[in-house]
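The same chain A turns up in both complexes below, where it pairs with chain B and then with chain C.
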Partner chain A sequence: MVLKAFFPTCCASADSGLLVGRWVPEQGFAVVLAVVHFPFIPLQVRELLARVQRASQVGLAVLGTWCHRRREPEESLGRFLEGLGALFTHKPWLQLSREPDSRRWNCKVSSPGAPCGEDQVMLIFYDQRQVLLAQLHPPATLPDRRAGDATATAAEGGLAAVFHTVARSEALFQSDRFDEGPVRLTHWQSEGVEASILVELAKWASGPVCLLLSSLLSLLSWLSTWRLCRLCPLAFLCSKLCTCQQLRLRLQHLQLVFSTQKAEDPAQLMRKANTLVSVLLDVALGLALLSWLHREDRIGQLADALVPVADRVAEELQQLLEWLMGAPAGLKMNRALDQVLGRFFLYHIHLWISYIHLMSPFVERILWHVGLSACLGLTVALSLLSDILALLTFHIYCFYVYGARLYCLKVCGLSSLWRLFRGKKWNVLRQRVDSCSYDLDQLFIGTLLFTILLFLLPTTALYYLVFTLLRLLVVAVQGLIHLLVDLVNSLPLYSLGLRLCRPYRLAAGVKFRVLERESDGPLRLLMQINPLPYSHVVHNFRLPSCGCHPRQSWSSLCRKLFFGELIYPWRQRGDKQD
Partner chain B sequence: MCAQPGTDTQGVRWQKVLYERQPFPDNYVDRRFLEDLRKNIYARKYQYWAVVFESSVVVQQLCSVCVFVVIWWYMDEGLLAPQWLFGTGLASSLIGYVLFDVIDGGEGRKKSGRTRWADLKSALVFITFTYGFSPVLKTLTESVSTDTIYAMAVFMLLGHLIFFDYGANAAIVSSTLSLNMAIFASVCLASRLPRSLHAFVMVTFAIQIFALWPMLQKKLKACTPCSYVGVTLLFAFSALGGLLSISAVGAVLFALLLVSISCLCPFYLIRLQLFKENIHGPWDEAEIKEDLSRFLS
Partner chain C sequence: MEDEQSFSDISGGRLSLQRRYYTQSCREFCLNCPRLSLRSLTAVTCTVWLVAYGLFALCENSMILSSAIFITLIGLLGYLHFVKIDQETLLIIDSLGIQMTSSYASGKESTTFIEMGKVKDIVINEAIYMQKVIYYLCILLKDPLEPQEISQVVPVFQRRDEKEMKTCSTTSPFVKFPPAGEDSRLEPRSLSL
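What follows is the complex of A and B.
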């Protein structure tokens, strides 16, 4: 079995000493974590290792010796190092050495059973900092995983073990060379511990801030569960308006971010960070919108433009209805029914226009207050926009519902009367069509109604078609707004930024690059971290949103449209699945 | 093949079985092979006049359709007042209703258990619905082209004739479908008439001639065959007369059709019966004669 020694690149120029690390016997890995320098007292080295082991739960040991020959060969040092093998007993005793002038590396392994040659050792260099900070994806698997590809599983497990070992032994890297400790080590932080004053300050400040904010938020959520809010019309409205949904979602997000409990695992930490960044970006965009709106009195312009636009839409609808009441596209419409339906819808439009004109003095004030909501975030403003759109196109929704109900009635009636026409009936108990003998009057009335419905169907179908198209247009606009809101809500911006600036933090695996290989030296490889692809980042760290994705497939949508069943855009939100 | 009939040299008799070893080649048959052949055992012998009598059902139905179309034409042309047609139809319906009970002395009514109250209710439903819907019917097909309506009516009446229950036991027969098609055609044609009263009277007339008249006919045919022949002849001549007043060519063609159906077709059937060669024998499929339902339960 080839012994693989993982050696940190920062130790390549260290002075001679002892190799400290972990031995993974299953894969034949030796993970070197640090080099202990002379002079040391073996007892203190053992104490240090035991302390780190207690903190990290990872079995650490002295793996061998490291000999960096700077000047002429020091025979005495070599012999002394060999002698250390007797002091620290370890099964395969590594003896690494680096020649001073040439870039030659030697590696000897002496195990008690069978002495290994040099060519059975593989030297793998790794960047300790990157490996320590990296998060391996998918997360480390359990050793007793299902035996699929045995070698691949073993390799993955081994890699996970390396990452795990380095990540857990953080206690070993706490001391730098300026510390007056009993043992001197070389590792990635030995030149000085990495830290930032800002980060430390933020860490100190975060505790009380989180406490304050979380208590405020819990007060808010308690208020929202107040009995007054659960009264029938209010609760119904809240479940329908997407502004309320969005506010509720944001409240949950803030509660998650400012919860006083510490994040248990890196995934939750990442989720918190993503949520925080999403909220911050949302608010920043909202403030930008707010400042844009309040510059040059844009709200007034909007309010002035809104009423004419609504009027214009109503006018267009009126023209459309008049066109439908004529003979549109030379279709065979029933004139009487056409007139009735057209007048009914025209009256509706008339009602709607009066309503808009009644509202017009208050529009500017309403818009001003709505504009203020943008400081809660762009998503809230967008949700409000969607709601306003829904309210402004309420007449189209009404038309659609009337048309759909009428059409549905006709289609259902026609399908059952067609069965009567053929002398069949639908057997509810057996869920099939049976033959049936009808009375004479039943047959007569059924056929009469069938004929009437059949000849009236094109008229109703045309009205239904036109209003469904209008409705679908509104639904599509609302869907776009919801998509945008969803994007801001669920995009893992923090993870994406991390992937962009620190690609090694999100590791998908590693690749090995062969450093130059001498004929007699050990094979030397450089381990580099493969970053996670962007698509996986988005997929893995997506924040749960309120689920606006269309639950129904296209075919079922078409079916519903054909049979005149109502389609609701806001039905598909979260809790409305019946 | 060339062996002695019945026996071979050892005096063994040939048997038509496969489960015994016999001293004959496999493809051997003897004279008795075709002994069981029977011909035309189920073929029926028809009497000419009986067939002509039976064909009168078809003639009646053809005449019904013809009368309906003629009446519609008169109404459409304005030659026939709807009140008059309604009055006549009502009177003849009442006469027919009385006849219906008188012919068999109330036997059929007792058997079906239908009360007079139910009859009155049905009549009221017919009248009310037709009268209520007649304005709708009037404007129903305004925008549809007249040719489309005519084509639809023709197809529906043809369907009515095809699916009508003439007494044959076939899968295609469906009196429900036939009646529905006739009503559909009548509604289509009624919607072309000038006023809603016309439409109402037309649909009412359609019910009388397509739904009620065949019921009376059936009873007449079963109880008093002689009067049935008379009624059929009368009906056929009146239909012919009506058609003659519209178009002579149509009347001639219709008369030819009637004659060929009632006289030529039976004659041809009986002639063709002579050429019937229906062979039966032990090779027929097994036919289950016994009622097996008691085993199945």
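What follows is the complex of A and C.
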């Protein structure tokens, strides 16, 4: 098998020394982690390795020697390096060297069995920092194996082993380049920690603040489960209003963010960060909306405009009804039924207008309070808007329900009478259609009723059609608002920002590039991190949303519309099963 | 070592295949498609513009002209960035994996690297395309939970051609690098489409 030596790019310009790393015999990987410089005492190197090994649970060893010839070849150094192989016994023993013109690399492997040629070695450069910080997606270790960490390390294969080795050996990278320790190393190291008083203070303060906020939040959630809130009308209202659902979702989010437990795995940490960014963005947008509303007395203007708009809608509806009561589009309706239905709906509109006029003095104050809710977040304000829309178009909803019920009644009656017509009946016990012999009287009455229903159907269907269209318009507007709220709720902004600024943090895998090769040197590859595509980022890190909008297919919607079943915009996913 | 051959793809277009042998254990196959020709670009643009002018003469609304500009520009950008593939590369590294790279005309590169441990087999598939049967090379991936099962079928060259398949089956690079512990067979297998 070809030996693959993973060499960090930051060590390419290091002085000569020993290569320290991990040997993965199954794949033939030699993962070089650092270079130990001269002078050193072999005992101290072994001690360091043992210490790091205890901290990281990864078997480290001296893999070979590294020779960087800056000047003319030094014979003595080469011989000295060969001598080191006897001191640190490792098989296979790697001998990497770099010529002064910086293009030529040599790599020799001496294993005890057969000395391999240069063709049997592959040099793969990797960026230690990127590999250290990258998270592989999907995770290499299977979730059920995560319990036993020792088995996970044994089971993982391929390049995941390289990532694992680099990520676990963080203890090795902690020693600084300028430290005067007994062993001097070259490896990737951070540019130095930025020391700021503010950051330190924030770190110190975050613990107690989280504790305080989480206790406050738990008090709030306890209050919401109080018995008074479980009384019949309140609970029913809460389950129907989008605002309550949105507030509950935000409460859960805040509890997640301010929980005092530390995040266990990177996925949970990412979810926390995403939630925090989503809440912050939401509140910022809400505050912007609030400042926009309170400037130049826009609330007063809105309140002044709202009542005339509602009046106007009612007037338009009245005209529509009058048109329907005549001969709409030249259709000839059943005059008596038409008049009855039209008067019924006109009376409703009359009631509605008086209700609006009763409300009009309080509209401005209500709107002012609604505007205040925007400081809880844009999504809360939008949900409130959706609820207000639902309340203001309550008459349309009523019309729709009446029309749908009448229509449904007629369709059901017609279908059962059609069965009678053919000499069949619906067997309730067996849930199927059986044949049945009817009397003459039954047949006569049934046929008569069938004819009446059939001739009255167009009138009802017309009313149903018109009010369903109006209802669908309102539902579409509400659906749009819900989509917007869901977008703010579930978009993983932190992950997207991470993908944009630090693409290597979210890795989908690796990619290799073949570097220019000298005729007799080993094959050199550059390993780069392949970042996760944006669509996968959004898909993987989407926050769960409350799912207020209906999740039904178009065909089922059309079927429901045809048979006159009611459609709800606020139907939840949980309700769908029953 | 490098050599180049030219083939034709299934719709009759010209393709050129470059083979590079870096070492015994590392080879690269590069499939180049012809660049976007000026003639087709001009033809499409002229068609869109003529239609837009016709509509403009009918409706006398200048919105149509500006929307035609936007449609042309966005269509061209989308075509170059998401559809038009200039080059497809297959890099095979022994006992490490297979890397597939497609470079789009806009310079975007999408890379997929498949580790040798995940490869179950490499086969030539046959598929029905329009009114003929075509053959294409594809990689079968192992299911991580059940090693005997196949979790995914990855076609290798999206811009495949028939002649190339024949050369691959005679001088196949894959026979020489069996995945560890697997005997790599090259046999046509029909897959339900």
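We take it that the second predicted complex is superposed on the first by the 533 of 578 C-alpha atoms of A that agree within 3 Å, B and C clash if a C-alpha of one lies under 4 Å from a C-alpha of the other, contacts with A are read in each partner's own complex, and residues count from 1 in each chain.
By our rule, contacts are C-beta pairs under 8 Å (C-beta built on N, C-alpha and C of every residue); 3 or more make two chains touch, one makes a residue touch a chain.
Quick caveat: nothing in here was measured; it's all calculated off a predicted structure.
For the composite obtained by superposing both complexes on chain A, the positions of chain B and chain C are free of clash and fit together. Once the two complexes are laid over each other on the shared chain, residue contacts for A:G59 go to neither chain B nor chain C.
Of the two partner chains placed by the overlay, neither chain B nor chain C lies in contact with A:P544.
Contact with neither chain B nor chain C is seen for A:P308 once the two complexes are overlaid on the shared chain. Touch criterion met: A:G28 reaches chain C, while chain B stays clear of it.
By the touch criterion defined above, A:V514 reaches chain C but does not reach chain B. Once the two complexes are laid over each other on the shared chain, residue contacts for A:N334 go to chain B alone; chain C is not touched. In the overlay built on the shared chain, the residue A:S437 is in contact with chain B alone; chain C does not reach it.
Applying the stated contact rule after C-alpha superposition, one finds that A:V2 touches chain C and leaves chain B untouched. The superposition-derived angle at chain A (between chain B and chain C) is 80°, Cα centres, a multiple of 10.
With both complexes superposed, B is the one of chain B and chain C in contact with more chain A residues.
Annotation: superposed on chain A, chain B and chain C show a minimal Cα-Cα gap of 43 Å.
Note: no residue of chain A belongs to the chain B contact set and to the chain C contact set alike, using the contact criterion stated above.
Residues of chain A touching chain C in their complex: 1-2, 4, 27-28, 119, 122, 142, 157-159, 509-512, 514, 517, 523, 525, 530.
For chain C in complex with chain A, the residues that touch the partner chain are 22-26, 28, 91, 93-97, 99, 101, 111-113, 115-118, 144-145, 180. By the touch rule above, chain A contacts chain B in their complex via residues 327, 332-336, 420-423, 437-441, 443-448, 450-452, 455-456. Against chain A, the residues of chain B that register as touching in their complex are 121-122, 125-126, 129-130, 133, 136-137, 139-145, 174, 176-177, 179-180, 183-184, 187-188, 203, 207, 211.
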